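Shared between the two complexes below is subunit A, which pairs with subunit B and subunit C, respectively.
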Partner chain A sequence: MSRPTARKAAPKGEYIETDSGNKVSRRSAITGTANITLGGRTVIMAEVQLRGDLHSTRVVPSSTGKDVTPTAISIGRCTVISTGSVIRPPYRISRGQIHYYPLKIGDNVFVGPNCTISAIQIASHVHIGANTVIGPFAMIKENVKILENTVVPANMIITAGSVVGGRPARVVGEVGEGWGVGSTGGVGVGGGGEKNWVEGGDLRELVRSIK
Partner chain B sequence: MAQPFPYTYYACDCYESRFQSPLAKRNSRAPAEDEEERTFDPSNPRSNYSLFPLEHLLYCEDCRQIRCPRCVVEETLNWFCPSCLFEVPSSVVKSDGNRCTRNCYNCPVCTAPMTVSSLEDPADPSPSGGPYILSCPYCHWSTEEIGIEFEKPTGITGQLAKIANGGKPMQTQKERDKERERRKEAERARRQDRLTGSGDEPPQSNTGSPPHDDVFASLSSFYKSQLAAQTPSNPFSHDVSFTSPSSFSRIMNLYSNPKKQKRDKPTPMREAASALEGLTLHDPTVDTATIERLKTCGWSSTLSSTQQLAQPPGAHFTSSLRPIATLLHTKRGKRCATCRHILSKPESKITSTRYKIKLLALNHIPRLSLRYLSPLPITPNHPVPQTPNPANFSYDNITSGLPIHFLLHLSNPLFDPIRVTLATPSTTPGKIASAVTILCPQFDVGANTDVWDDALGVDPPRSGSVTSASDGQIEAGKVWDRGRNWTSVVIEIVPGFKKSVTSGWKVPGAGGERERGEGSAEQGDDLDEDDDVLEIPIFVRIEFETDVLGEERGEERGGAKEGLKEKREEAFWTVVGVGRIAG
Partner chain C sequence: MSAQPPSSSRPSASHRPTSLQKRTSALPKPTSLFLDPTVLVAQHAQFTGTHPITVGPNTVLHPHVKISSVVAPVVIGEGVVVYEKAKIGVGIGGTSAPESAGAGGAMESTRGDGTVLGQGVVVESNAVVEAAEVGEGTVVEVGAVLGVGCVIGKYCNICPMTVLAPNTHIPDFTVVYGAGEKRTNLTLQSRPEILQAKAMTHRKQIDMFKRLMPNNIAKWT
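Take a look at the complex of A and B:
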């Protein structure tokens, strides 16, 4: 389980680090922690809101008979949620009732500062620029770059490898074949204080550098 | 795409090598040499088309050259709708066009994808759950505004083809084609009748102008019939029959003197003469109706030019908007345009993002990056921890005239150590001339060996190199720092001045010193957009020894030994965007 541990903050730092390496800022606003899963080595920066309380209220018949806590937000590994971003699951009104749907974010996703995200799914290796709004039930596939100040309308599906921007968002280009290649694998870029992570690449180094 | 400072672009010389070198060869020898000597000018308008970020470049291992998006050949692997992710076979793309024929539509006002929503009255539920509309979640435009409602939530394209704006039923394309054929037949029969003298019914006048698609279909079929009547039966086939007089004369023309024989003039083609053939007569009442409508509804009811472009021709008002079917996407493989080898090939499955083949320039070309180096204290007695503070430095606001130091970082993706030679013009080309000095233009970069070597310190002479200026002193001829497969050198830049400095005074040692005529100084005053961007062209040449490739060695297996090394070199221009000069 990757919930932030409830122990008292003995060493005063910006981040609380969990056993699986998640770094959660003390100044983040997280509600409904039971409904949030963090994959490990994920960073939640200051003033980030994670609305885990907005979980699915539908009765799920469970096979084991035990009461399963519904997941509202699940975030993968090495994902960075920058300051001031709001992650809230999307909802749909059906027969006069509000139903929330779980929001999934993949691995190595970078969410820039001051974003509002209500997508249904964000796949891995996605880079989201600052001040972006992602509408309810939008689906973002792998290797997508969302430029700054973009508004992705509701229900939009962004195919893998696109660059989107504008209000409303439209596909403005494609990421190159080398998207996300660079920091790990055979090509070592790091060292010497160099920025050793690339957009869409493995964010492990970035996560490590955040203290 | 605009990138934040500092960035590095790599120049692909495909344009020069393909189009300029033959020209240079044709001219005298001197210009060809001049071409070689020429420095790359990033402010040249043409440079925009040859500069790419490293991620967008591929590398052809056979040509041993960088391949940019301009010098690759793309081949479409499959077509799919980006919205519903259904693959569309290429035969359907050919017949139905490159748009989704399912339920995917974009808003004609704002281009956001539209959703099907139900207008069902909860008090009076209908068995189908309808009626349904297409609505835009972004700008709240819906097909209700053009009076279109659907019975079913699926098969929108089929339903939309049958409904005109306002909810009136409309003939589909097929029905219209059939109708036109029928009318043509009727017309022919009537003409026959007229010739024989019987039947004098007047042609029924069609109210309103026919839809654009209809006119296009009539015109295209008319022109096709005209072309068929004009050209001999099969002029390009190989089995030329000498019995046909036209092909016989064509062959005779081929073998006889073309000057003597006068080409017979082609008989002029007839233009469309009736509405059935696609003739539309200008109707002045339409214009007056349009003007009247503008008077009553105002500017807000008209379409913007971008909206008009996405609509069928002739749409002027918001009432004539139609939802736009989503354009299909493609998955494409790339081949080298020169040797036809595959450079990148994605897996054909739409959901897969993996590549079967991907030859990246990233894996063959050293990566250059620039970073601000904070000024260090001159006194070496107080060794300040060299932590450059990039937070205080703004790349968008570089002060003119003061020398600034940057670290040029070069990392090697190859598995062999490389020797790098950097070259840059002493002053940057462009309107603002800045002085650039690379303090150590020639150095070695280690091989891209196992990452653990670095961590475990297997290779001590590399990490603690004698030549590295690890004491924090900026010294010419010495590299700043080096690691396993990277080396950084110091580059000194004296940014030029935005305002013309030629008239009164000169900056000692700075780029503003460059001699300019009075005329060019005047030109320098009016800076265009982005003229204040400080971009440095850097020529990179790398030399290395590598194992001869296995297949090449196989050819000469007899004489060659294992571990045969060959010397190779690469050379290319890069442009490093340092920042924006504040002035």
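Take a look at the complex of A and C:
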């Protein structure tokens, strides 16, 4: 991740845009930036907490001999993390030691406002509704829709194409054919408040419209 | 924020009044804040209020934690972990609207004894704790809200997003889940070795935080 602080005399906008097109809000709270990777064209909105400082302390036997910085959070391309969400890597006891594990989020994932995420993996094209809690070591596969106010318990594995909701979360349906398809308009309207993206689809238009 | 009462506890007028907007908080610093030297306070953790705040040894406060003693004192025990954006203290949830509490006499009608968190309590992110007492080893999960005057027993588990009405009493070893349903965690109750294992994990977790997080305690002492 290119450091946003390295930029000088940037125009004062809400977002700092990195070389790879990531948009990170000035009002986001990111700790341990060295341990966070953003894939490009990813949006981190205001008041988002990314806990990169809680990284794995396991000694990696590396062939090169150089110490590699452990990754705590990796986020793919065109992913949007909305306001007030907290993203914290999960931990567990392994061989009598506490270990943090890297949290991976795929491409085109939409995370709604005020979510708390401690999953081990979220695959691509996942839509997460507002106020959702995702417990430690939950694993979410491709093309999943998580409804608003859901509480996904720890260690739950959500198979591809499911719709889940409730407290605790249960599978309530399937996304079916046509998930993420649509929005073929392709005329970059931008700005008019018009929704030119679909849940689980390509979020590039949405990312472009956020300024 | 500009209409601050001329409290005697505050130092004399700040010498740069124009820079007031730049400050992270214009609220008065707590006059009596007792932090154990072993406390880990992350950046952006916040203490406000005029009543005493006591924080016991080995407690970990994550970024953007808010602890308010505006209405009543706060006592945080030993080895407590409070995660991001959690709020602790009477009146901090904004639900109880204790406007009259400042008027002296009203203090006695509500519980005046403030908030006490026992040893090894874990308060997860976005939780709001206004409760009078939270017992040893209890876990308050993500986004749970404990109303004013709640008394929570030992080793309870308040599941994510649960809201407890003011003055609720929860006995020891209870799990509160879903829409206010309760059950007793018999496994934990009948097997002390599990409790020991949990306590050990908790201790190791605190040690881990001390290795990973920079301490900002100097700002508050």
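Please note the rule applied: the second predicted complex is superposed on the first by the 191 of 211 C-alpha atoms of A that agree within 3 Å, B and C clash if a C-alpha of one lies under 4 Å from a C-alpha of the other, contacts with A are read in each partner's own complex, and residues count from 1 in each chain.
Here is the rule we use: contacts are C-beta pairs under 8 Å (C-beta built on N, C-alpha and C of every residue); 3 or more make two chains touch, one makes a residue touch a chain.
Here the structure is a predicted model, which means the values were calculated and not measured.
Asker: Please indicate which partner A:Ser56 is in contact with in the superposed arrangement: first for subunit B, second for subunit C, both, or neither.
Answerer: In the superposition, A:Ser56 contacts neither subunit B nor subunit C.
Asker: Mind working out whether A:Val175 is in touch with subunit B, subunit C, both or neither, as first, second, both or neither?
Answerer: The answer is first: A:Val175 touches subunit B but not subunit C.
Asker: Contact-wise, after the overlay, does A:Thr83 reach subunit B, subunit C, both or neither (first, second, both, neither)?
Answerer: neither
Asker: Name the chain, either subunit B or subunit C, that contacts more residues of subunit A.
Answerer: The partner with more contacted residues on subunit A is B.
Asker: Which partner chains sit in contact with A:Val163 here, subunit B, subunit C, both or neither? Use first/second/both/neither.
Answerer: A:Val163 contacts subunit B only, not subunit C.
Asker: Check the residue A:Thr71 against both partner chains and state whether it touches subunit B (first), subunit C (second), both, or neither.
Answerer: So A:Thr71 meets neither subunit B nor subunit C here.
Asker: Under the contact rule defined above, give the subunit A residues that sit at the interface with subunit B and also at the interface with subunit C.
Answerer: 135, 151, 168
Asker: Considering the complex alone, what residue numbers of subunit C touch subunit A?
Answerer: Residues 42-44, 63-64, 83-85, 124-126, 141-143, 159-161, 177-179, 201, 204-205, 207-208, 211-214 of subunit C touch subunit A in their complex.
Asker: Which positions of subunit A touch subunit C when the two form their complex?
Answerer: Subunit A reaches subunit C through residues 29, 31, 49, 51, 53-55, 57, 86, 88, 91, 93, 97-98, 100, 114, 116, 131, 133, 135, 149, 151, 167-168.
Asker: Per the contact definition, I'd like the list of subunit B residues that touch subunit A in the complex.
Answerer: Touch list, subunit B to subunit A: 1, 52-58, 80, 82-85, 110-113, 115, 136-139, 329, 334, 344, 353, 355, 358, 360-363, 367, 369, 371, 387-388, 407, 409, 411, 413, 448, 451, 454, 481-486, 488.
Asker: Could you list, by residue number, the parts of subunit A that touch subunit B in their complex?
Answerer: Of all residues in subunit A, those touching subunit B are 135, 141-143, 151, 153-163, 168-173, 175-179, 181-182, 186-195, 198.
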